[in-house]
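See the structures that follow.
Next, two complexes with chain A in common: one pairs it with chain B, the other with chain C.
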Partner chain A sequence: MDDRRLQLKFYETHDGKDVLKCIQCGTCSGSCPLSDKMDYAPRELFALIRDGEMEAVLRSNTQWYCVSCYQCMVRCPQEIPVTDLMYILKQMAIEQGISPKTAKMPDLYMTFYREVLKKGRLTEAMLMIRYGMKHPTDTLSNAFLAVKLLKRRRLEIIPQSIKEPKRISYLKSADSERTETK
Partner chain B sequence: MRYGFFPGCAYKTAAGYRESVEALNRALAIQLVEIPDWNCCGATAVFSINSSVALVLSGRLLALADLHGFDEIITVCNACYTTLRKAIHMMEHHPELITEINKHLKTETLQLKRLLPVRHYLDVLANDIPEMRWRKVKQSKSDSDLRVAAYYGCQLTRPWKDQGQPERPDVLEQFLERLGVTVIEHSAKTLCCGASHMIPYAKDCAPLVSRIIREVRKKNGNIIATICPMCQFNLDAGQGRLNIPGTPIAFFTQIVGLALGIDSKDLGIDKLLVPMYKISDNKE
Partner chain C sequence: MKFALFLGCKIPFYLAHYESSSRAVLKTLGVELVDIEFNCCGYPIRNLDFESFLLSAARNLALAERQNINILTPCKCCFGSLKHADYLLRENDSLKDRINSVLQEEGLRWEGRVEAKHLLSVLFHEVGLKTIKAHIKHPYDGLKIAAHYGCHALRPGKIVQFDNPLEPSIFERLVAVTGAESVDWSMRLDCCGNPLWGKNNPLSLDLMRKKLSNASQAGADFLCAACTYCQIQFDTVQEAELIQEGKREEMPSILYPQLLGLAFGLDGKALGIECNKVDISSVQEYLS
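Up next is the complex of A and B:
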């Protein structure tokens, strides 16, 4: 793994260089609802990026635990777009084929992504079924809930899609392009 | 003003959201026309994997709304709101992205010509409907024991501070109070519900739900008003794992409907998992 090359790649993305503004105050880590589950809280992650430890960064679960609540971003005294940087790291990890120790969120997002690429819309039940095939224990506990939802006519079983999903096959060419995150 | 309605993928199965939005549209004569052949916004998932695809998804929706002559896009979901808003923000700052998006849309004979404003349905109800119309519709003084805690979740007020204060907004409280609804003040209104992390990490997310419900009960609230299908679902279904008294989680449109005197049957209130009759004064 070429740490230096990946660090430069990160800095070249639109907001990447903003990590250089970080004063290590920890407001982001203290504001994060799930930082206690992360390998490195955001403040530590930024220190690692600056140290050029990119493999450790991309292999960590930190960016995948980010829920996109943007709390860190509105509080950061240096106005670093923390959440946006997490998106860049997720995309970089996918691009480099680096999976974190836990593959749950990448699997969930990828399942979502493929459904939308194919159908143009998401059917939540389909997402649960497809993700559930990879991670049965996460979804089995939801079987009871599914029954309750079904009783209340809240489970969509017919897959949803746009009128002619073939028309959006251009999404697949966009998929192979990848705009470096702006 | 022609509102282009973007329901999003979670709307149809959300607990009575559609029923209550439609009931309000009928009562207040709001013309909310669905954007024909709308597509998924991609939410946090697609932006996490690939920005190009995420931008084309938002671009297609914006182009469709413009093509059909709408002036604004109205969402009922925080994730749809922020995702579209984020895509538009990127396009405004990097106009070359629009050229890229259009290369793809061309194959469907669509073109993105202008970036329509995106607004939440809450904003429409709170700011666009003249006071006269509310007064005409509201049948009687509502006599209710509801003490409502407004809950915004994350992605309406952040990151752009569109509703003023990003952590302590009060647009929903002010709006509900105008309709005679009793609201309570609390400090959990913009805390995270766990979002899609609830699926793989239900156990890790349980404390997030618990923190919100406990705070509301401590401040003497007995029902929570949500503005997003994901928030509603996580707080409603998430209570099954907690050992605390059930607190009903309604959509704000259901609470508005009740305040106007609309029959609860027409508001889909029977679809909530924690039933509304569970409203009790049991404090923690």
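Up next is the complex of A and C:
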């Protein structure tokens, strides 16, 4: 999808058009605990969206570094739902199969998503197994923690499901349209 | 007073003592809890699909609505997620219709008749400081607490309506009623770092380390949390990554119902005092 079509797609999402209200004051970037680590701080990211540089936007690490603390959102003089826009950008990046340099994050979120789809809730052991297949070194580095948690009976091994996980089956239709990140 | 207890996915695995201490404290205060088989609050899938997040949250609200009972959750991220869904569905009729058409398949419906409340809001607004105070048998003496608010309870204020998002006070007042003193620390409203845990550990640890140092500089003996994710960060992650690695001195984090329960004179076992990874047993020395 080209930049222009991606921009239109962004504007069509819930809250997407709010980015047009941005006055480029930078309060969001100033409130953000991680803006100095981001490829583009939120203010810059919004300028790029409006300029139609969507590929650069979707490839950036900005939305993936958002901790959703909402500090920007309560301070924005234009009441732009900054954090919600970050969620949209993450969704779009995954949909388009565009992953940032830190490609682990989409995989982790995808693992959460599949697990909720299947069981209606998250089960830690299954998360570790599924995510671990994609990032084995991460799993190994967490193995010691898992053992310690087990000792204190703070890790559940047998996956639990809600009684009727298919009740969340609505999620499936959304899932089938989605491509894996590359 | 009766609520449906919404634990979320993480408490049963990681913080069973958050559940047991919340139950113990609420029982003492005469708050009755009902168990409903809820599903995920929707927060973890918000990164992937907006309507799936909304449906997941709305289904929980609809389950409670079917029994005409408000939700009480000890997790601030679950709280934020449920409040967000509630707000969005109220605001947008076409979203509401779409979600209800799915819920309808199992005879559920969201009409917005029940509310999701956080444990702290229930204690502060519904139970009230006066009632809580009447149950305090052993007030703390000389204990200094850094109350950590948690982002998703506070912000966005318009949606969650927990307290003033820029100058909140209910957590400090809930701490004060136990006899402990709340320290004034500048980073009390900041992120704990957990949202990045497992995704970018150095950044996640960096956010936590700054907060821990800020709390100890302010003279706090303990952090106090009332959120699943924040407590996992300040307890499990702090112990494994900072203390074991010898990177800093420990700043133990106690869950609010543990703090309150000890002052009520409840058994430390029921409150899971020994379940915290960073030892909090020394808090009992401050009890009078």
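Quick note on the criterion: the second predicted complex is superposed on the first by the 164 of 182 C-alpha atoms of A that agree within 3 Å, B and C clash if a C-alpha of one lies under 4 Å from a C-alpha of the other, contacts with A are read in each partner's own complex, and residues count from 1 in each chain.
Definition applied: a residue touches a chain if its C-beta (ideal position, glycine included) is under 8 Å from a C-beta of that chain, and two chains touch if they have at least 3 such contacts.
All values derive from a computational prediction rather than experimental measurement.
When both complexes are overlaid on chain A, the residue A:R4 reaches neither chain B nor chain C. By the document's definition of touching, both partners, chain B and chain C, reach A:Y70. By the touch criterion stated above, A:K21 is placed in contact with neither chain B nor chain C.
Once chain A of one complex is fitted onto chain A of the other, the partner contacts of A:M110 extend to both chain B and chain C. Put simply, chain A uses residues 14, 33-34, 37, 65, 67-71, 73-74, 81, 83, 87, 90-91, 94, 104-105, 108-110, 112-113, 116, 120-124, 138, 145, 148-149, 152-156, 160, 162-163, 167-168, 170-171, 174, 178 to touch chain B in one complex and chain C in the other. Against chain B, the residues of chain A that register as touching in their complex are 14, 33-34, 37, 65, 67-71, 73-74, 81, 83, 87, 90-91, 94, 104-105, 107-110, 112-113, 116-117, 120-124, 128, 131, 135, 138-139, 141, 145, 148-149, 152-156, 160, 162-163, 167-171, 173-175, 177-182. If you check the complex, the residues on chain B that touch chain A are 9-10, 12-15, 37-40, 42-53, 55-57, 60, 82, 90, 93-94, 97, 100, 104-105, 107-108, 154-155, 158-159, 161, 166-167, 190-192, 194-197, 199-202, 204, 208, 237, 240, 270-271, 273. Residues 13-14, 33-34, 37, 64-65, 67-71, 73-74, 81, 83, 87-88, 90-91, 94, 102, 104-105, 108-110, 112-113, 116, 120-124, 138, 142, 144-145, 148-149, 152-156, 160, 162-164, 167-168, 170-171, 174, 178 of chain A touch chain C in their complex.
Residues of chain C touching chain A in their complex: 9-10, 12-16, 37-40, 44-52, 55-56, 59, 88, 92, 95, 102, 106, 151-152, 154-157, 165-166, 189-191, 193, 195-196, 198-200, 203, 207, 236, 240, 275, 277.
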